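Each of the next two complexes has chain A plus one other chain: chain B in the first, chain C in the second.
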Partner chain A sequence: MNLQIEATGDVTVVEPVGRLDFDAAPGFQEALERAMGGAGKPPGAVIVDGARLEYVSSAGLRAFLLTARAAQRSGIAFSLCALQPAVREVFELSGFSRIIPVHADRASALAQAQQGRT
Partner chain B sequence: MTARRTAVSADAAQLTVLHQFLRDFGSAVALDAAEVRTFELVLEEIFLNIVMHGSQPGSTPVVEVSLHRAAESVTMIVEDDGPQFDPLSLPPPDVTASLADRRVGGLGVFLVRNLMDTVSYTCVAGRNQLRMSKRLGG
Partner chain C sequence: MDHPSVSSRARAARSGLTVPLPVTRVRRLTELVSAKTRGFAVFLVGSRGPYARAFENFILALVIFSIASIGVESIPGLPAWATQTLHVAEIVTVAIFTFEYLLRIVAAPNKFAFIFSYQGVVDLLAIAPFYLLGFDARWLRALRLLRLLRVLKLQTHFLETVVEERTRELAEKNAALEKAQAQLKAELEVARALQLAILPSAFPKRSGCEAAARMIPATTMGGDFYDYIELPDGEIGLVIADVSGHGVPAAFFMAVARTNLHELAAHHLDPGECLAQTNDALCAQNPLDLFVTVFYCVLDPKSGVLRYANGGHNPPYIRRAAGPVETLRGAGGLVLGAMSGGRYPTHTVQLLSGDRLVLFTDGVTEAFNSADELYGAQRLADEVHVHGGGTPAALVERICQSVTNFAGTAPQSDDITLTVLTWGTS
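And then the complex of A and B:
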């Protein structure tokens, strides 16, 4: 899978493109770890924009879960936005949309991230 | 052609082969992309369960997948010759647990149960057989 990472101010947006299956999950998780600052200064918020994410299996959910926990420990606001219907269904069925905030689109996720820091 | 069958060894590297098999089947029987992805997800979860739990030292199970398209449904049967194991006997995950208490174990089979209309397990002549079907367009 491909990824685009965009940092604006102290909000980092990660946009995965394609499929998040068992093969792609480890690389995706590493990318999220980097987006959370790695060894450097952590951002205030990390948003995963799912507009071009076509597929997520339980291996992908695991990467989201581990990232959400790491974000919580580091005080980083972690959220998702713009999930495609099939991916949103997987998040809802698995109960992940209760533990990770999911916004309708990037604009509302960004607005929430800004608001969260004021 | 409305039915197809393939067999691979229970090795995670074969997942891409199975996904391609499903996509080829999907084009051959005119399934829409969303239906194909649902079956890809279900097959990934079941196959990786066999990969993780089915191998014993010195023996890797063979996993056979067959797909059948009927007028209004698709049926997928996954068989393996690994140790007898009913994935449907796994306890369901607690999908209401907090972030700190959430576990990923069991989530795959849980998704399979929820994304398919029927799922049943039988052990036939020492082979594990999981049969799953889904109505189309619903």
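And then the complex of A and C:
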């Protein structure tokens, strides 16, 4: 799967493209770790934009879970936005939408991230 | 020795074998060599002959002696007896080299290849000067120098030894690797058998209830499981679950989750409470941060009342006796093993006579075909609606077949698990 990482100010947006399955999960998780600053300075917020994310398997969900935990430890706000209906359903069924905030679109996710910092 | 071709062909004719007519001299030469002679040759110079190593060392010593004697011979003013002795030694040496050369030709599976091989040419050059000098023509004396080529014999000897050793080392390493791989494979097969043995093989006998199930792992070891649990008061617990990922880690977590749930079910008759307890137990022993989606329900076979709770699993279907398919959408909780302290609400649904409960994992609905399309919930619901009227085993078989047909040549990416229960038919 492909990935785009975009850092604007204090917020990093990760946009995965394609299918997040068993094989793609390790690479995706690594990218999220990089987005959270790796060994460097962590950003204030990390947002995953799901506009082009077509499918998430249980191994993919695990990458989100590990990232949510790491974000909590480092005091980074972690959220999702613009999920396609099928992916959104996976997050709702698994209960993950209750531990990771899901926003309707990128604008509202960014607004929430700005608000959280002030 | 017998006359070459005639006798051997005669022998072959007597024994009923047909031997093609010899067309070349080499073939005639081959026929000249009886199996016995060849056996003797292989015995001494064959790479696996029992005396090959000793013979090789003997020849090596002789080569060194012969080179040294050529050096001594060239010293001017040597006494006559010494020249005499060296001459005899030379004759003996060349005789042995000649014997060895002929043996090697005899032992070689392909005579031509040997004669024109590097070693074959060197062996010939080492003895040729002696035979040529038999003419004692003066101009041929220059050929004496050719005897120094015996040094090359040394080189071929060591080259052969080194190649032989490396080949043996390589073969040994290959054998060790193959053995390790076979062992690993055998262990995985044992683990797979153990895992499949964890799954129940038969549904508890209850009048009016019938069930069937199947798990098809995507790799050697799967992360899906199903379970039937006999509870006090004659109730039956039914579980379907899917551990994140697959392979050995998922299989281990599956075994831990299944055991915890199975033990706790007897003590917590409320499905939601049972999931909450199982979740806390899993969170306390989860070094790999895996998690499992679980749907757990308890059926009272006498009344048909089904109580259920959902930990992040795909909601199952109920196919009503008349055909309509409903989804058990009661709100669930988070997947198990991800976060302790979660709550799992218990819901109740009344089964009517002839209803079927269809539990499945996302390996069914999220099977891809080669055009990257999903099998999807709708296809499953349609299969259940149209073909759900028969036995549970027939429906399980029907759905597995439908998914397999849909996926075609696309590889199976996730474990596929199905459980079907009917109530009130008998």
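Throughout what follows, the second predicted complex is superposed on the first by the 118 of 118 C-alpha atoms of A that agree within 3 Å, B and C clash if a C-alpha of one lies under 4 Å from a C-alpha of the other, contacts with A are read in each partner's own complex, and residues count from 1 in each chain.
In this section, a residue touches a chain if its C-beta (ideal position, glycine included) is under 8 Å from a C-beta of that chain, and two chains touch if they have at least 3 such contacts.
Every value quoted in this text rests on a predicted model; they were computed, and no experiment measured them.
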On the A-aligned overlay, A:A70 touches which partner chain: chain B = first, chain C = second, or both, or neither? neither
Between chain B and chain C, more extensive residue contact with chain A: B
Tell me the contact category for A:I99 with respect to chain B and chain C: first, second, both or neither. both
Just to be sure I read the superposition right, which of the two partners does A:I5 touch: chain B = first, chain C = second, or both, or neither? neither
Residues of chain A contacting chain B in one complex and chain C in the other: 21-22, 55, 57-59, 61-62, 65, 69, 86, 93-95, 98-99
Sort out for me which residues of chain A touch chain B in the complex. 21-23, 54-55, 57-59, 61-62, 65, 68-69, 72, 85-86, 89-90, 93-95, 98-100
Interface with chain A, chain C side, in the complex: residues 223, 242-246, 289-291, 293, 311-315, 332-335, 338-339, 342, 362, 366, 374, 413-414
Residue numbers on chain B that touch chain A, as the complex places them: 12, 15-16, 19, 34, 37-38, 40-41, 44-45, 48, 93, 95-100, 102, 104, 107-108, 110-111, 114-115
Write out the stretch or stretches of chain A touching chain C in their complex. 21-22, 25, 55, 57-59, 61-62, 65-66, 69, 86, 93-96, 98-99
